[in-house]
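Structure provided below as structure tokens; questions to follow.
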């Protein structure tokens, strides 16, 4: 019985780690890798521990056996590699938000450049309605790495209940109920920031109203749509299992 | 005899579905895919039914057996997959325009960003003369999805007799006598919108006059050119049959 | 003896056609293809005939056996395919310029967009000094296709003794002593136009002076550099013969 | 014993040449190649000689046996190929800076375009803090090639003790304690210049303060980070040895 439970626990762990590995690879394929920098985490459901991509490896290199199990104080409980010094972004968001099951921090160029414009993000495409209104929070207490619990808490405070924020002149942090949602939030934020940078002057003239954006958010960024998108990534980007 | 006719009907159906599959793949290769979103349809000639790309799959994944047969009320007559909720774009354009044999709706980034500028599309390259004059219509009654027959009719009204329109902050709709023409219209519209976004300020100083544009349209965007272009896509992009 | 001479003539012809095929493929690899449009020609040395890429095929598809032998009136002397209607660009440049052995006409997006800005081309990178000073001529008698000998002569007049011109809102024409030089001129013109479009506002503040540009042109765009560049293209882009 | 020392010397030489070959390939993969132009050098530690990529080959083509051993007067001591005429950039930087073990000169488009804007480089992303403050020096005594020892000395004077400079309207020069550091400096400079060109108007509103930039530089651009990055390039870009 004990053994059976362990096996069952092992299966759940294996599945969660596989999902995080997929997330890392999808982030890399979307151009969010920055050599060995950028990280993603998935909370072990119902616990104060999470799996994390280790330091020293690129997002596209991650295998399940590389992942680290970490607690909310940033202590590595299991895992063979060095830990990212910015673990506190993840730990403090998990601590502050019981609803969050996944966190992503990357350095995508368009989103980071966008944060240097000091202009509001406008929903000029569907993707913007996933975030706006209200505008995406900007963390600017420092542009340096988030290497202490205090800074992690400050980031978590700025994030509040939102799906994403800009680390000004540094990168982005996204959160989601699952690692899949956090990952898609990172993809959508970078796509809409890239789009707004294509607007001459960075200042579009026409965008979706706040009221309509909220309606669109609910319709377009539903759990069903997320599942459909993720299954697509698995089939087409990761080349997994033929489609049904 | 019955059997022979059936076989003949089957052949025409197979051919039409194959053309629609090619269109989906060419749209995807041109960067018009948006994960599982975007769709294309081909009317069954002389009928009020059309074949449509189903929901839940990317444009590059579509195979002939995935296609759905749908009527002008959006009812799925055949086909194994869920239907796109925006079927009414296609149904209502087909209803309003007996001359239309193919419709495309996608979310290409440059064309969608362009629609947020509120500047006229200018024929700064050949491709613009396929659409201008007059300027490309902009549908802005909503930026949300087109999920009702009423909205579909509104889109069809805005399209009028034109080959394409912008769904502002959403994407594009193109139509053509055939699915091939609708597809090429989508490619050309995105290309010329992308070009105008490269103009600093979005406002070129020199473009083809209306009179000359009409002459060019006739010369350059002829049925012969469409056939030549499509045969090229089949050879070079789809890797079909060696060229003759 | 007759036979020997024929073989020798055949060898020269084969070599010239192979060079033109290489040029077509290098243009395609540089992104200068526009489906089946765009063409390149190589004069048969010492004659009023030239080999031309045929209509209906993409630049990357061309094989030696596809090439057409054409005279200065645009008459096809040999070759299996339809002729580009714009043959007169090439014929009239060859007629006007005994020094020209190769001509290219393509529709590269950056160079064509650049021509809509009505700003001078500035040598903000080495490549600009291949063309400026004086500024690149702009042909704007029409933005339509060059389908008559008269229009071809007008283009040749605007080109004068220069290596390249913009066909405003249409594309570019480049010429060279050889097809290799004409091809490299097309690559360099598109590269420098693309660079200037990257300048916010399209108006750089610092560029090479006219006097220095002339010195650089001679040093950097020498026949030796052209040969070195072309050999590189053959090795790295066309994957021909290992390097020596 | 003599033989043993020779072998040992040979091993060190082989290792240094292999590192320079890796650097050339990584530069090419980062888009810093310009046909056969651009070069990189690695000093033989403790000597006034250095290994250099030869002329006539692209950065991606270089093999260890192609490299040339050159002295500070630009004299080729060993090596089969012609020498780049701009050898004096490297020789004079090595002469002026005993701390420099590697030098890179390339023509990356974004960095070169950026130098034509005459605006300060701003650390709008981490990468900028590797260079600023103070601003990146700009060499503008000529925009022509650096083909004499005098010009080489002038470039070295402008570089001073810094990791990089712009050769205005020409390209970049970077230096480092090792060829790896010089190469990464070239990658980072092009990335941050490209980022600033994405800012509409070229003038961001928010960037890292000088004080914070100096803190970030030390933290982010440490020798450990360089080693981690280079190991990643070897694994993922060069496909060398499986990761440990």
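By letter and in written order, the chains are A, B, C and D; residue numbering begins at 1 in each of them.
The criterion applied here is as follows: a residue touches a chain if its C-beta (ideal position, glycine included) is under 8 Å from a C-beta of that chain, and two chains touch if they have at least 3 such contacts.
These numbers come from a predicted model, not from an experiment.
Q: Going by the stated contact rule, which chains contact chain C and chain D alike?
A: none
Q: If each hop has to land on a touching chain, what is the smallest number of hops from chain A to chain C?
A: Minimum step count, chain A to chain C: 2.
Q: Tell me whether chain B and chain C, two copies of the same sequence, contact each other through the same residue numbers or different ones, using over half shared as the line for same.
A: different
Q: List the centre-to-centre spacing of chain B and chain D in whole Å, with centres computed as mean CA coordinates.
A: 48
Q: Once you find the CA centre of chain A and the CA centre of chain D, what distance in Å lies between them?
A: 34
Q: Out of chain C, which residues touch more than one other chain, so two or more?
A: 199-201, in rising order.
Q: Can you list the chain D residues touching chain C in their complex?
A: It is residues 35-36, 55-58, 60-61, 107, 109-110, 112-113, 115-118, 140, 142-145, 147, 168-170, 197, 199-203 of chain D that touch chain C.
Q: How about chain B: which of its residues touch chain C in the complex?
A: 122-126, 191, 194-196, 198-201, 204-208, 212, 215-216, 219-220, 228-229, 231-233, 235-236, 243
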